[in-house]
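As written, the chain order gives the labels A, B, C and D, with residue 1 at the start of each chain.
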Amino acid sequence: MSVLSAHQSTLLVVDMQTGLLPAIHDSDALLHRAGRLAQAARLCKVPVIATEHWAQKIGPTHPELVAHIDQVLHKTHFDATREPDFLPSLPKQRPKVLLIGTEAHVCVLQTGLGLKRQGYEPILVTDCAGSRKPSDWLAAQARWDHYGLERITAEMAMFEWLDTPANPVFKAVLTLVK
Amino acid sequence: MSVLSAHQSTLLVVDMQTGLLPAIHDSDALLHRAGRLAQAARLCKVPVIATEHWAQKIGPTHPELVAHIDQVLHKTHFDATREPDFLPSLPKQRPKVLLIGTEAHVCVLQTGLGLKRQGYEPILVTDCAGSRKPSDWLAAQARWDHYGLERITAEMAMFEWLDTPANPVFKAVLTLVK
Amino acid sequence: MSVLSAHQSTLLVVDMQTGLLPAIHDSDALLHRAGRLAQAARLCKVPVIATEHWAQKIGPTHPELVAHIDQVLHKTHFDATREPDFLPSLPKQRPKVLLIGTEAHVCVLQTGLGLKRQGYEPILVTDCAGSRKPSDWLAAQARWDHYGLERITAEMAMFEWLDTPANPVFKAVLTLVK
Amino acid sequence: MSVLSAHQSTLLVVDMQTGLLPAIHDSDALLHRAGRLAQAARLCKVPVIATEHWAQKIGPTHPELVAHIDQVLHKTHFDATREPDFLPSLPKQRPKVLLIGTEAHVCVLQTGLGLKRQGYEPILVTDCAGSRKPSDWLAAQARWDHYGLERITAEMAMFEWLDTPANPVFKAVLTLVK
């Protein structure tokens, strides 16, 4: 029962790759929101980690996002936590992992469940996650609920990370909310 | 497991200010329902408290509502419970705080979670709360559910506050339901 | 965790009165489904009890339903369980009370919560309950969920009451499902 | 809290019969997705069992599905677990039973609840289950949730069964996802 705080959060960008995004429902808006959230994360000193799935086949993370990402991890499992280098690469002392990306019902979902099993608190940012079919995106949210996991929107995260009006990046983050 | 009772309730109007309302989805209908609910609250002797966020920038509470409000509290935090004078200003012996206002996923949500942490029972009045984007309004409800908090509509509150047909304001409140 | 059984069920028709139904959203279809469910209840020996709210003002139960009702109880409270003669009139040994009628978010909801407090298992038949506004009908379902109460549809009830294909009313009930 | 694994799963195709499917909402798409899921099950060595309800009246399982089914069981109860030969016919050591078919709110739902009572973990594949009326399909999902049961989509199952990219049927299953 608490709002997010920036110092406890990591933002995980799952497989937002050039070869997959065009097939995702409403991907332009999704990419736009994800970019804003990643920028806000950086302003609030929230680490931004990305995964790329078989990058040699599916391509790199979308160029609009790359500038806002601290580290890219490669994976071949749908569930990133099964890659040996994934969990060791996550920032320490940050139990809350906000997940965005594609597809909401495959790699985002499986990675979220994997993180939960490892003791993290995965949080789905619903309006920055997508699937090719909206019905799969909705079903992913229902399954997230089934396991008692939390889901939020990009703006919830941004306003909660800000914490107080004394935050020096207050105005800079607000300009990202449109 | 119980319906509301007027003597246990406070109505909290969050940031329904002139500078914010025009950006809110379907704000005219929202304002109309909120006004009716505030009038019913007054008839049922439910205290009506309002918050205003940075009033010098965002403007005062909408004039249609002001006449039905007992007290206005200023705030600069999104979560009103973090203002030193907020909790002491809430009426005593009234554990149930019905929240209405804007934005549903920011100040209304954060204040609701803050009230819960302080031992209150926050209740979201969904059809009197709004966000700029309907998707954020819906996501706020899902998060309310995630934390096991209750959500109702304006009419539920009005009919539950009435309690018995012997209530002397019975007819007056019914005329507000249209 | 069980399907319904006819011998444990009562069907409660809440305030389906001539003076209220015309204001209810999609009331013709609602009335049609309610009539079918009441007929199925009678075939399956499920008692059908109706409430009427201020009948002298709001009129009697709709004539299409009256023939399928065993007993009509008058009430002036929204929550029927607050009328002294209501609970004593309910059939004994039937813990499951299926609620249909209007309005879903006022008398149906308040009576359901009252029944739960009295030890019954209220079950909302969502497609036989209505409100003037669809948003109130939806919110009633969410509140039903909040309290951990069950909700079903008319067809679920009918097929579960039938129990086995050896039921002598099997064909008669199936003809009601269209 | 875990993704599916093929060796723990059985796919149960409920009553997808020629005499019932034409009345089901959006049945062509339903049949298509069900066929793909059954093919993926076979590739992943997940047993595929089908029920047929009164086959002499309602007809056989749809020919598009028959080729992908290991065993057909006849039933006259809505809840298949009430047939004496049903539970003994289920593959052993496979606690997770994925249910698809028709109608979502009658035979699929009742069989799911029956399986849960018998110690299985029933999982509804929502986009491969259907009812004549979409409102009944939605209500079936809500009741599934009410009992704490899980629901997924066909693609979730297929990607989770695959488990690792080293799976020799990896490419064959991916071609079924379109």
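Miscellaneous remarks
Assume a contact is a pair of C-beta atoms (placed from the backbone, for glycine too) under 8 Å apart; a residue touches a chain by one contact, two chains touch by 3 or more.
Just so we're clear, the structure is a prediction, and the values are computed from it rather than from any experiment.
Any chain that touches chain A and also touches chain B would be listed here, but there is none. Because chain B and chain C share one sequence, their contact can be compared position by position; here under half of the interface residue numbers appear on both sides.
When the CA atoms of chain A are superposed on chain D, the rotation angle comes to 90 degrees, reported as a multiple of 5.
Inter-chain spacing, taken between the CA centroids of chain B and chain C, is 32 Å.
Averaged Cα coordinates give chain B a centre that lies 45 Å from the centre of chain D.
For chain B, the set of residues that touch two or more other chains is empty. Taken in their complex, chain B has these residues touching chain C: 1-3, 126-127, 141, 145, 148, 150-153, 155-156, 159-160, 162, 164-165.
Against chain B, the residues of chain C that register as touching in their complex are 54, 76-79, 82, 105-106, 109-110, 113, 116-117, 133, 135-136, 139-140, 142-143, 145-147.
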